[in-house]
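Per-chain residue numbering starts at 1, and chain names A, B, C and D are given in the order in which the chains are listed.
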Amino acid sequence: MKKFLNTADTYLTDALAGFAAAHPDLSVNLESRVVTRARGAVPGKVGLVSGGGSGHEPLHTGFVGEGMLDAACPGEIFTSPVPDQVVEAVRAADSGEGTVLIVKNYTGDVMNFEMAAELAGEEGRRVETVLVDDDVAVEDSTFTAGRRGTGATLLVEKIAGAAAARGDALEEVAAIGRRVDAASRSFAVALTACTTPSAGRPGFDLPEDEVEVGVGIHGEPGRRREKLRSASEIVSDMVDAVLDDRPLESGAEAIVVVNGMGGTPLSELYLVYGEVAALLEERGVSIVRNAVGDYVTSLDMAGCSITVCEAEEGFTDLWDAPVSTPGLRWGI
Amino acid sequence: MDIELARAWVRAIGAAVERDRERLGELDAAIGDGDHGANMQRGFAAAVDAVGAMSPESVGAVLTKTGTTLVSKVGGASGPLYGSAFRAAGKRLAAERAETEEVGAALSAALEEVRRLGGAQAGDKTMVDAFAPAVDAFTRVAGSGGRLDEAARAAADAADEGLRATEPLQARKGRASYLGERSVGHLDPGAASTALVFRALAEAAGA
Amino acid sequence: MKKFLNTADTYLTDALAGFAAAHPDLSVNLESRVVTRARGAVPGKVGLVSGGGSGHEPLHTGFVGEGMLDAACPGEIFTSPVPDQVVEAVRAADSGEGTVLIVKNYTGDVMNFEMAAELAGEEGRRVETVLVDDDVAVEDSTFTAGRRGTGATLLVEKIAGAAAARGDALEEVAAIGRRVDAASRSFAVALTACTTPSAGRPGFDLPEDEVEVGVGIHGEPGRRREKLRSASEIVSDMVDAVLDDRPLESGAEAIVVVNGMGGTPLSELYLVYGEVAALLEERGVSIVRNAVGDYVTSLDMAGCSITVCEAEEGFTDLWDAPVSTPGLRWGI
Amino acid sequence: MDIELARAWVRAIGAAVERDRERLGELDAAIGDGDHGANMQRGFAAAVDAVGAMSPESVGAVLTKTGTTLVSKVGGASGPLYGSAFRAAGKRLAAERAETEEVGAALSAALEEVRRLGGAQAGDKTMVDAFAPAVDAFTRVAGSGGRLDEAARAAADAADEGLRATEPLQARKGRASYLGERSVGHLDPGAASTALVFRALAEAAGA
């Protein structure tokens, strides 16, 4: 395994310590593993908390800050946080207006956040949960744990964060977060497997001429393997998968995220975005906003995900609203 | 089962997941995200410390503390599941000693909790596929007057059997379900750790 | 080779086309290979132009925009742009106040920009050149082409860009750019080699347990090979190399960039930053600003560079000034 | 040398760098950034088109056009160097035909321009180490009344010799100099392309 690290066991703490040193406007509790805004909860504002396994940076810790999250609780690598962490984060985020939990739909995340929500409730705190489940590689049926939460998490956290900053009430913030998730679909392809510090070797072996199609963000294998093809062929399949699941009519407006998995250079992501833009234009869909870069990663995996979110009433204004976090910043 | 045996059981699980950490991780890497070994090791190492540090009044106190520790240290799917299971079992064993049949009832309560929380049916390729047959075997032997070590050994064998049976299954719950047919042909990591949990009980009781 | 691409020959054009589609506020000429602000030269403002081989994204195209560059000219991958491109960029950037060329110190870049500067001069345009040469892995002697320009380019382009935006005159903008370069030193380590689309395989073979120490940003081998060691050991050598070349006294203030080469996940970069911060603290140097992320990359290379720039009078204010580019944004 | 031969020379270079693109790229990957093959191929392919499309009045016009095209198409270090070299040579050959000695003088001017621009000395492990001996050999043969094909062949052989001699050298100019001692033991890519340039002249003249 080739990584900048000291020991596999200290990887996460060391990385969080560096994150803390780099961002004095955030406060990082290395003990409780909770990242909050240094200034604390914002009086009169609904709190926004998210978290999940680590290894997806900048998600979620990198999205704590003005206009987005109030607190994040990073779990072990690819392991959802424990209820204590989440409760700790809720306490830090709750100004009395209640807290929205943004949870990616994985069995572990859902169970741990549910337990945390119960505990927070027992403390008399109002908590609403927004489940993110945008990955169409997983059919949403009784034969699965349901669609995974992936690239759309960026959109949900930004847009719900802006709604909270604007002063929306608990139920309203949760509602718009759910609308964003409902309007979003994603699909991912991996060119290489990622290596977790503890495993020390790639999660799966992928021949030099094959790709994993329909992968998640935890290094798990995808739905199937395919021969590596041209970007235009791969992307057209990805866009089909996304739009077959949730068709967009000609004339529709969309926010598109081309998200790198961590090991893919920006120039490739732009190349992919160019293909997506052309395909959507063919279908008469106009992209009103876009984000191209590493947002929801999978350690050093080479690959990308494509997220298409129909820009419903109000989404773009909230997307454009000022945000100041390590991973996303404008207007401030 | 007395307090010391309960402690010995937790220590035996800790030793087992420490030893098989890699194997559990590889099983999880094949159809999941590869962290099950680390999760179990982290959780039970903490549980061993916790139950070692306490002076429990009851068998249940040991198991409840184990469950609470797992919940607060593991995360992922297995944390809440094993954690709640041990807590549910602990609730049922309020005395300093527990008859084998009482232990069986506690294990049944634990299984129920796993089913309730995770919603997995038999055959979904989860820990339930090792947990359920293990509990059945345990209560059967206990019901016919068997000793704890006998019941535990039967449970461990049944769990191993259940684990083996997960290989041909297609996962319907948890991460492995994302793979669809590709989950077929692999053992379920959680079923594998469950088999370790019951084998550890047999060892502790046999000693 | 595993990349999202159509053909090696179209890689650059396709990536630029995607970049153009993603950033409507920039105008990208795929023919002349020049990227400019859509609104064109800013009246009364000194123009800022940079360029170099492609494969270093977001550098330089991603730094075109308010508060930073007026135009960039991306060459072929790892190949400096041709004089025509540079002249084209100068024409687009020059509002009559003159133009500063920011050139990374490589034989090819220097010669092509010099030729361009001559041509622009023949058109009666005032041009000043700022050479960036911060990489201490290369000794600055008659036995080499001189130190390479690497991570400090980010600082020079941001700070000189802010000076130009503030209304500084041509010589002043060039002067502060040179001061930033003079105050900066960098050093890089690679864990893997990068693969150019045309070569189709890694530039060098690196055993699983070895790293290249003192690499540049063009996939060239480094000064030497070493066994992979712990992050703290590697980083402490890197920081020593940087500070031995340009010592900082206790009490000095610095701007630090931990720059990813393209294939290294953000969590590792933060881990590295944590080590750097601790080492500088030991030496009594306080980091007043930092940037951790991918800025000056080398395609898919895994690795990072560390840049330490002494924060001289005025640097931090100009660093903090509003900037709105695809690769760097705040305050706007 | 007449206009047609000048054109044939450029075409021969184009064919050679097309054929050896990979090899030049690998030489450059070893001690540089691997783009020399692509650079030469891109540049001379454009030059072949350019000189094919024009109706030149002089030998020099062909070489000047070649140089201008290289400057505007290649980039990197080799673009300005080869481009300026061909332009310098072109300036000296204003007539429809050029005597072999005149060609030698033009080649000397080209070499001077490379030296001036790049500042490389003999032994710095650059194209100069092939260029300089080639020009010496050419002018020597031309000076003693040799024909163009004879002079060109001598130049090509000297360039090959000069190329071979770059292997043990440590680079002092260009990217390869960044490697310090690690540049020793490799041929210089630019010297390799220079050898192709002179071999192409010999072929064209011999034909």
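Note that in this section a contact is a pair of C-beta atoms (placed from the backbone, for glycine too) under 8 Å apart; a residue touches a chain by one contact, two chains touch by 3 or more.
Just so it is clear, the model here is predicted, and its values are computed rather than measured.
The chains that touch chain A as well as chain D are C. The centroid of the Cα atoms in chain B and the matching centroid in chain C are 54 Å apart. Mean C-alpha positions place chain C and chain D at a centre distance of 32 Å. With centres set at the average Cα position, the gap from chain B to chain D is 75 Å.
Touching of two or more other chains is recorded for no residue of chain A. None of the residues of chain B touches two or more other chains. Interchain contacts link the chains end to end along an open line, per the touch definition above.
Against chain C, in their complex, chain D makes its touches with residues 25, 29, 31-35, 38-39, 42, 71-81, 117-118, 170, 172-175, 177-180, 182. Residues 53, 75-84, 106-108, 111-112, 115, 137-138, 142-145, 148, 196, 198-199, 203-204, 216, 218-221, 223-224 of chain C are the ones touching chain D in the complex.
Those residues of chain A lying in contact with chain C across their complex are 2-7, 11-12, 14-22, 54-55, 57-58, 62, 191-192, 208, 211, 228, 230-232, 234-235, 262-275, 277-278, 287, 290, 292, 294, 297, 299-300, 302, 304, 324, 329-332.
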